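Each of the next two complexes has chain A plus one more chain, namely chain B in the first and chain C in the second.
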Partner chain A sequence: MKMELVNLNKTFRDAVAVRDVSLEVGHGELAAFLGPSGCGKTTTLLNIAGVYKPTSGDILFDGVRVNELQPKERDIGMVFQSYALYPHMSAYENIVFSLVLKKRPKDEMQREAKRVADMLGIGHLLDRSPSQLSGGQQQRVALARALIKRPKLLLFDEPLSNLDARLRMSMREEIKRLQVELGITSVYVTHDQVEAMSMADKVAVMQDGNLLAYVPPGELHEHPRTIFIAQFIGSPSMNILDAEFVMKEGKPTVILAGGKVELEVPQDRIPKLSGESRAVKFGIRPEHVFLEPQATSDAYAAVTFVESMGRENLVVCDVDGQRLQFLSAPGETVHLGDHVGMKIDMKRVQFFDPESGLSLLWT
Partner chain B sequence: MSDRVSEQGKFSHILMTVLGAVALVAVFSWSFLFMRDGSAPRPVIALVALLVGVGGIWGLFLVADRLVALLPGRTRDLLRPYVFITPAFLILLVYIIYPTVRTIYISFFDFQRGGSPVNFGFQNYLRAFTDPALQIALRNNALWLIFVPLFAVSLGLIIAVLVDRIRWERFAKSLIFLPMAISFVGASVIWRFIYYRASFGAQIGLLNAIRVALGAEPLGWLRLEPWNNFFLIIIMIWLQTGFAMVILSSAVKGVPSSLLEAARIDGAGEFRIFFQVIIPFVSGTILTVTTTIVILVLKVFDVVYVMTSGRFSTEVVANMMYNQMFIQGAYGRGAALAVIIFIGVTPVMIYNIRRMNQV
Partner chain C sequence: MIRKATTSWKTLSYAIIAIWLLFSIAPLLWLVGASLKTPEEAAAFPPTIVNETFTLQNFGRVLQSRGFGGGGEFRPQIRVGRLSISGPSLPPGIRPFWNSISLAATTTFFSLAISTMAGYVLALYRFPLRGFMRVFVLLSQQIPIILMIVPLFLVLATYRLAFTFTGLNLALIVFVTPFSTWLMMGFFAVMPVSILESARIDGAGDLKIFLRIMLPLATPGIATAAIFAFTRAWNEFMIVLALSRGQDSLPYTVGLFNFFGEYGSGSWHLIAAAALLASLPVLVLFTVFQKYFISGMTSGAVKQ
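Presenting the complex of A and B:
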């Protein structure tokens, strides 16, 4: 099923929760809504589910407006962060509850329950009550409950947030595998950028109720449209430094650290500017900065913090009063207080407008 | 408080403790005689009772704790908790356990006011159960027992769920909770004016005023058997619905919103959600509220006493007991009725306490 949002707005009394969101999730696609808490992603999801009614704008399922339809009339399945299993019912009763409400025959219920339980590997747990199940098992039951209806649209509201890190990774794979196998159009709300990037066909980044971008994960990472996206996607997050862009002796040049550092900008990274020279925000990911002997280095700075990340170290430097962090390769030892030289991979730089925060490279 | 006593301070410690104990005994015996035999004005007696009551308990704790401090380490630590629970336990013993045992004891004797307990036997119980008045009282108690919890709890639950969805929830809840602030006697007086029938002049009772205004004859509501029982029961429902609503309301608020959303997406209507999601979720609270009201209703007295004094077939066991005991002075028979109530309440009480301990 194809799901579209057209200029969706949702306000609660005076507070705007969702502002003019338009997007389209194609048949069988998984779209992730990504953003910090309070950005409006869950509100948008509950509008799609029909729990909330939009203040204005339309929700279209396969081109048909469903604004007025009740949740049960929308052919959807939903998985919640808190699992939301009925505590007084067994796993089996939880799974078949929607079929009980539709007054389906017993044998059909049992057959369908077996189908989804086998899919999720919880066949042996059906007699247990939710309190006897672990978090991961409860979430599988919740997923089975959503799938038994053979929904045309699956909605996930931070389904893995309550699980521990290892389980989260295996459930992530499993949900993605099921979603692809069954070919169900899905909307997946999360605040975890790794989850969004690894699972989604397209990621919708939201902030303060606005949709900032709706693009495939790779593009989100490589071509960030705003400083917010650039810093929100990727871990550790992108360095943003004050800089000036000038044409120096005919060469496009960026001046950093109050004039101490001058770097030539490759042709395909020249910011779109109206004038010749201008103040810009210079962005570079930590993984695109490398240690370099001082003689050939681009910049030279004092180390203010070193954080071991296991395989590599996160090194934080002070470049003329601004924070620059990068990853030192395994084997390279850097100590607090050292002065180090750095090389910046100029083919990977980003430029942003200091006022609007919009990218000067991608539109 | 002194935790351990050094050798040199031991003598003065013992001296102070003994002096304190003597002083306490003196104060207690003086105040007892003063309050029993004294002819001082009532406010003075009340003041003395208050001071001796509060100060005396404090003194008791202090003296007992000092005594325990004299003991060697292990024994001291073992005994110290009992210093603090003993006074409360003594008060329970004197005011609850002793009267209970005494009541059970005299229920087996013929015992009239001014006389002494004679003729051990079951005669009071036999008489009670063959007395047609008790049959009516038991029937009425059963009516109270069924209808008050049923209506108070279901109305409380329905209101709790409904007010959860409106803007002026606090106002609505306060309004319904308000009767809880009125004593049973006060509430009964209010309702007397609702059911009142004037034998002459204007009908000032609310219901009869309405009847007359609509052109009907005034009714003697409280004499209308057997409906008058229900008119009394309504008062208790009015009083207890607020209690049930407040407790259930907090339980209903504890139902996670995602659970309701999941049910809506599964295709459950609002009635289904109420019966199959909300009620099972708050069933523990429903049970607690119900048993609490059941215990209250088993002991119902005030409302009946004020409204009808048990006349017109509205008698209940507690009111009967009061009549036998304090009006007619038939202590033995009154005690037997008290024991019957006691036996009725005990299982519910035990169940309730067990449940509370589980939580």
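Presenting the complex of A and C:
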């Protein structure tokens, strides 16, 4: 099923929770809504589910407006962060509850419960009550309960946030595998960018109720449209430095660190500017900065912090009062207080407008 | 981190609890003791702390007493519509207890029926004047009962219900329901909203959600409200005294009052026996339902 939002707005009294969001999730696609808490992603999801009614705008399922439809009429399955299992019912009763409400025959219920339980590997847990299940098992029951209805649209509200890191990874794979196998159009709300990037066909980044971008994960990472996206996506987050862009002796040049550093900008990374020279925000990801002997280095700075990340170290430097972090390769030892030379991979730089925060490379 | 309690601390805390327990249970023990004394021992001065005599005759005399029960022998009757079941012939002293039980039971039933639904709606639905109504429910509890008796009597009289069992019952329901509603509201307000949303997506309508999801989850709250309603109706004296007339329909509180008047302060053994009989149902109720106060029905529902 194809799901579309057209100029969706949701206001609670005076507070705008969702502002003019338009997007389209194609058949069988998984779209992730990504953003910090309070950005409006869950509100958008509950609008799609029909728990909330949009203040204005339309929700279309396969081109048909469903604004006025009750949740139960929308053919959706939903998985909640809190699992939201019915605590007084067994796992089996939880899973078949929607069929009980539809007054389906008993043998059909049993058959369907077996089908989804086998799919999720919880066949042996059906007699247990939710309190006797672990977090991961509860989430599987919740998923089974959503799948038994053979929904046309699956909605996930931060389904993995309450699980520990290892379980989160395996559930991530499993949900993605099921979603692809069953070919169910899905909307997945998360604040975890790794989850969004690894699972989604397209990621919708939201901030303060606005949809900032709706693009495939790779593009989000490589072509960030705003500073917010650039810093929100990727870990450790992108360095943003104050800089000035000038044409120096006919060469496009960016001046950093109050004039101490001058770097030539490759042709395909020249910011779109109206004037010749202008103040810009210069962005570079930590993985695109390397240690370099001082003689050939682009910049030279004091190390203010070293954090071991296991395989590599995160090195934080002070570049003329601004923070620059990068990853040192395994085997390279850097100590607090060292002065180090750095090479910046100029083919990977980003430029942003200091006022609006919009990218000067991608629109 | 919890430190392991040392033996001396444990001993001390048990001692404190034991003293407190003795302090709170002493009146009840005294009541039991006095109800088992012979008239001679009960009248002795100074009173004996520990019984020298034991007899069950006092209970028999209370139950046979006309002053307490009124009228002659008593046959309990349960009427549901046209169907009527009569019980065996019982001593007249049973009658006021039977009256109280039927009053308390019907009050509990109807106040629960109203307060669970009202509490649910007030807690989870949004509608105009909701805030006002929530405050109003509590506010209605702040008015002293005595102020309400005359207006209530006039209302009942208007509908020809004054001095009837039904009228009395209605009055009790009116007095008990606001607090039960407030109680249920509190219980429903802390229910995880996601369970409700989940049920809605599963296809349950408002009534189904209420009956199949919310009510079962609110069992501890319902038990609390039920015990509250029952004890309040069971112990109510002022309203009952003002709104009932005639011996046959008197609940035990008024019966006890009349009984005291009849026997005066000379018969502590009889008064103690009557009072003990009166407190038994509530004691039993608390013992049976106390587990609901401590059970966590919602555990495992939602990971917080």
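By definition in this document, the second predicted complex is superposed on the first by the 363 of 363 C-alpha atoms of A that agree within 3 Å, B and C clash if a C-alpha of one lies under 4 Å from a C-alpha of the other, contacts with A are read in each partner's own complex, and residues count from 1 in each chain.
Here, a residue touches a chain if its C-beta (ideal position, glycine included) is under 8 Å from a C-beta of that chain, and two chains touch if they have at least 3 such contacts.
Given the structure is predicted, the values throughout are model-derived calculations rather than measurements.
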| item | value |
| --- | --- |
| Fit or clash - chain C, chain B, common chain A | clash |
| Broader residue contact with chain A after superposition on the shared chain, chain B or chain C | C |
| First (chain B), second (chain C), both or neither touched by A:P130 | second |
| Partner chain in contact with A:N162 - chain B first, chain C second, else both or neither | second |
| Partner chain(s) touched by A:Q138 [first = chain B, second = chain C, both, neither] | second |
| Which of chain B and chain C A:V51 touches, first, second, both or neither | both |
| Overlap of chain C and chain B interfaces on chain A (superposed complexes) | 46, 49-51, 70-72, 76-78, 80-82, 84-88, 97-98, 101-102, 145, 149 |
| Contact set on chain A toward chain B in their complex | 46, 49-51, 70-72, 76-78, 80-82, 84-88, 97-98, 101-102, 145, 149, 157 |
| Touching residues (chain side chain C, partner chain A) in the complex | 192, 194-195, 197-205, 208, 213, 216-217, 297-304 |
| Residues of chain B defined as touching chain A within the complex | 256, 258-259, 261-268, 272, 276-277, 280-281, 283 |
| In the complex with chain C, residue positions of chain A that touch it | 46, 49-51, 70-72, 76-78, 80-88, 97-98, 101-102, 129-133, 135, 138, 145, 149, 162 |
